[in-house]
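Structure first, commentary second.
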Amino acid sequence: MAMSQINHKTTEKNSTDIGSAVSVQNISKNYGDVEALRDMSLEFPRGQLTSLLGPSGCGKTTLLKIIAGLLEPTSGHVEVNGINVSGPGPDRAFVFQDFALLPWATVLKNVAFGLQMRGVAASEREAIAERYIKSVGLAGFENSYPHELSGGMRQRVGLARALSVDADVLLMDEPFSAVDEQTRRKFQEDLLSLVRDENKTFIFVTHSIEEAVYVSDQIAILLPRPSRVSEIIRPSSFRNKGVDNIRRDSEYLDIVDNIWSSLRTYVE
Amino acid sequence: MIKRANLLKIVSAVVLCSAWEIAGRIPVSYAFPTFLDSMRSFFEMIGNGMMLEAYKETLQPLVIGVLISAFLGIGLGLWIGLNNFFDWLFSPIFIVMQAAPLAALIPLLVLAYGIGLTSKVMVVCIMAMPVIVLNTSGAVRNTPESFKEMGKSFLASRASILLRIIIPAASPVIFAGLRLGVSAGFIGAILAELKITPTGVGDIITYSRSIADYPSMYAAIFSIILLAVLFLNLIEKLETVLFKGNQRGYVSD
Amino acid sequence: MYIFGYRLPGMSSLVVWGFLWEMIGRADVTFFVPPLSEVFTTLYSIIGTVAFKNALAETAYAFSLGVFFAVTIGVIIGILMGKNRLLDELLLPWVNVFLSAPLTALVPVLMVLFGFGMKSIIITTSLFAVWIIILNSRAGVKQINRSLVEMANSFGASPIDAFFKIYFWAALPEILGGVRIGIIRAVKGVIIGQLLISIVGFGALFELYSANFLMGHFWAVLLVLFGLAFSISEFLAYLERKVAYYAAKR
Amino acid sequence: QAEKIRIALAETPSDELAAFFVALDRAKANGLDYEWTAFSDEELAIQSVLSGQMDIGFGTPYAAMQRSRAPLRIIFQLSKLKFFPVTTSKYSSLKDMDGEPILLHSRGGGTDSIANVIEERIGIKFGDRSYVSGSSNRVAALLGGRADATIIDLSNKNKLMRSEAGAEFNVLEMFDVEASDEALFGNLDWIKNNEKDVAIFVNALVSTWQDMHKDPSIIRRETSPDGPIGQLPAEILAELDGFYSDAVAGGLYDPNGGGRKAANADMEWYSAAGQLDGTPDTLNIEDFWYLAPLDAAMKQ
Amino acid sequence: MAMSQINHKTTEKNSTDIGSAVSVQNISKNYGDVEALRDMSLEFPRGQLTSLLGPSGCGKTTLLKIIAGLLEPTSGHVEVNGINVSGPGPDRAFVFQDFALLPWATVLKNVAFGLQMRGVAASEREAIAERYIKSVGLAGFENSYPHELSGGMRQRVGLARALSVDADVLLMDEPFSAVDEQTRRKFQEDLLSLVRDENKTFIFVTHSIEEAVYVSDQIAILLPRPSRVSEIIRPSSFRNKGVDNIRRDSEYLDIVDNIWSSLRTYVE
């Protein structure tokens, strides 16, 4: 692959150097007759952001849920920080594709839910929740119910909830799909500063090649049913080039084109 | 290989019957026969045609009453669920009907309708209808908004929204109501036979009780429960056939 | 029901029905429907008597205990059945059996097993109410959005947490519906228990009044019962309305 | 004794039980401690005594005595089977009833056995028998035109015949019946273990029954206003005197508590009615009655 | 505005020439206290594709539902083909943001629902539904139930349902948000050929500026609460330049930047 534009930043963070936070080994998953994943192995380096990119229905959500411990794989196993996953744990937080908000609870209660489950006292968790609600731009909606929010606002509630528990590994299933471009950019920046400053590991599902290229340390390209990793790309970091210029950056455009051409093969 | 569900059914049935047998042998009471004695009377009564004879009598008001209640009840329930005015006007009546201590009202029913089929059917209906109506109307009101919106946007007529969206969405609760209604209908039929005129199975129960033939009495009770369960399984089958996609399995799976 | 933007209370339509009753009573169609006004006069005259107060106390005691057990047991079992396949497979056939079993026919068995006093009446009351509560709670849980459960699991909710914070709330509209119907059935159960097991409480009054054709008295006691069933049912309906904001949006 | 005796009534307290409660009050004055439970019918009262949940029951448990393994014994006859065939003016004697439908209390119950014995003695065969429990309900059915013939108890017969509608109905001539309608019974073991209480109780019953025969109005007078009878609606209390003078006049109660005479009559009646297997001469009174307490009471 | 790169294609289709298919006039909408839309007016030219672009929660779904006749505006009115909207009509079809699939019905039945409501015979509507299921790439899943599908697959079912009824005006609420980039590109092409060949009018909500620029004849930029149209942009058609080159096209990039800068102002 011609994808070796590794700059000073990514060299430090090479997966072999610092080890994997999450390691997926020979995972297969069947839903009845449907073979969603077959013998998939993938390493997620600690402190880095890995994107999963692949056609819809190829098993990205399935993989994420297996890592989260929500689904049992048919065979194979997952290790998080070297320990075998047998169920959900406080080291991982999940952002759900369909938001999964409690319809009977206010935004504040929804965001505080994860903290509540960890036994944080009411006043403290509400303070934390409020901070995150503000940081996703929902200040003023603390006491609204999910059904009074627009799609994108609901998604941001789910995001705030996952961020608030301060887990090591964040599993994000299309977390920005319903938010507007502007907010998305802001979130991307926030995400990047989290990766930079907090040594968190992110596993990120997206359908936007541009987004993947922009935010990821590593991109895993999945091909469909049964899903397998077709290739792993480690884009150079365009982050320090500034968001506004990157869209005209030819290196960036090359990578996007490259991914695009490797993905498009399967579309009939 | 027997399915696990069926295995469980069999195992728990065996446990219950043995408990019965043991309780009968202690005995818990002189009026409590053993399981085996009761089964013997049960098969005797089947053998000599008494059971068949009795059920011919019992099933008449039951089936008529349940059918009337099911159709009228679901119809009324839909109507009440869809229309605030009818909700306001009729819901209280059904709540009152539910609360009515029917056993106390039966003499009055006899006065009004005699001791024939009519008053028994009435009893079955009064018992069965309210649950069906109230469950249906409640379920109709809880139909998810987004389904109805979708239906409207695809120009579903009021009738098709009802038929293709509201009813399937409400079907689990409607069927729960139907099950309850049928069971209440059974209660009504037995109550009618115990309190109006002892005919059919109610007659076997009262008569064998009055001559202290407790095994026959328990056999009759057993048979009516058995029948009720068969009836319900039938309804369940109907539900699975009609609304297959509503079976979404268990959360734990 | 709204009239000129003002919400009519749930039971206000009874005024209409009451009026109809008065008309029928006045028209003297049949002796067992005396005019409503007469029933109220009778009610007023018996409401202070010791017999009535005793009946009320006995009935209320059996009823409230019966309902308490039915609700607690019903909700817990129902939710557990909805979420756990093994338990469901084990219990559902029996719930269906007891739900469909003509309980009236079972009453003699109950009496033998649990005695002839208050205990059997309380159990009868519970038995009338509990199955619908179980089934409704189960139905409520079964329609739960899977993602909510996964979400709670992913945040490490303990089974107890999941039970009270997810399943209970998600099924609450159905549970309340079930409790409401269950309680109304319990009213019937307590009377049937009082009539079939030992004749106490309101059951005794009914038996006495109807045997002596004291129709005014009979309806008066019936009215008290309806009042009881109604106020409880309206209270639950009020709770149901409070959760209605998400019932249709789950 | 600290323990209360538990009495299983077969119906809710009303006019017919007033005398019984007067007797209970008298027994209480003599140191009997009791509680009572009303069951909806006789069979339940019998079952409750069979199960040992009640000590003394109301009813005529002959079938249960013969069929179940429990040693039940009757100690006192409360009332006789005084029932009357009442019809519309369509019929004027029992002979006319051949092949005609009749409304009875319940299959296997007292009125059913009366019908059986009528068939046997008069030599007719009733047509369809249908059943409505409660004499008053059968009167209502009669008044409502839902039936033409039925068998009802003394007080309902009197009420009906004295009412305005009475002229439209006939009370058919019938033979006298000495057999028991209601009797007090208990488990023999229990009776023997509680001789003293049983004696107080039977004494009180005998004295009340005898006083009542001298003056029926003592029942109304002795009824405690706080007891279950005193609490009945005024409409019912007002008829108490009438009921008991009718009852005494009609021979509903035996001032001697039945005893051997009643026992023999019962053997004959209930075997004829089909509730007892065997013929009266093969049946042994001691298997059904325990006469010691009554005999002792009668000696006083 | 510097946005007047009108080429031969768009000249023919000027809104003043051919009239509006949908005309929104002085619409306001309040949800209780929340003022979602205030006095909004907007024209949707016949046979063209108009995108609504705006931050999440600004009222796009609300506007679409008002046009669909699913919501009553608080004031103002909507005309479709010159006729006042008082409820849903056969001239409009809706793609829902939350998919709104019937959980008890199979994919086939769900797609055929719209046709069924129009009284199309069973065999015919199933044939049509199958065709559309295939065209959204779900062949083989006809008899699956919604809960057995991935998020993107569910969205495509909703899409197929709306397309199958062949309505004049298609109201699409973030129709591609959960589908993968590749499928999205294909759908965009399909959409464009529908606009070109069938003279349908599309109203399209999206969060992707690139997508909006690529597919739209006209882009309405909405600013939030209470929502108002801040500007209308008519990009030149980049369609005939070919998808692969457009991303590097400087005209295209200029427009994207332009929109971006006009939108970003509101992000704090």
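Think of it as A, B, C, D and E in the order they're written, each chain with its own count starting at 1.
Everything below uses one rule, namely that a residue touches a chain if its C-beta (ideal position, glycine included) is under 8 Å from a C-beta of that chain, and two chains touch if they have at least 3 such contacts.
Since we're looking at a predicted model, the values are computed, not measured.
Steps from chain C to chain E, taking the shortest chain of touch contacts, total 2. Identification of common neighbours of chain D and chain E yields B.
Across the two interfaces under comparison, B-C and A-C, the one joined by more C-beta contacts turns out to be B-C. Work out the mean CA point of chain A and of chain E, and you get 28 Å between them. Mean C-alpha position of chain A lies 51 Å from that of chain B.
The geometric centre of chain A is 84 Å away from that of chain D, both derived from CA atoms. Listed for chain A are residues 98, each touching two or more other chains.
Multi-chain contact residues, meaning those touching two or more other chains, occur in chain C at positions 108, 112, 146, 195-196, 207, 249-250.
Listed for chain B are residues 28-29, 31-32, 107, 111, 209, 248, each touching two or more other chains. Listed by chain label, the pairs that touch are A-C, A-E, B-C, B-D, B-E, C-D.
Of all residues in chain D, only 8-9, 11-14, 37-40, 44, 47-48, 51, 53-54, 134, 136-137, 140, 226, 231-233, 235-236 touch chain C in the complex they form.
Contacts from chain A toward chain C in the complex involve residues 65, 68-70, 87-90, 92-94, 96, 98-100, 102-105, 113-114, 116-118, 145-147, 161, 165. Chain B contributes residues 28-32, 107, 110-111, 114-115, 195-198, 203, 206-207, 209-214 to its touches with chain D in the complex. The residues of chain C lying in touch with chain D in their complex are 46, 49-51, 108, 111-112, 115-117, 195-200, 204, 207-209, 211-214, 217. Residues 146-147, 149-157, 160, 164-165, 168-169, 171, 243-246, 248 of chain B are the ones that touch chain E when the two sit in their complex.
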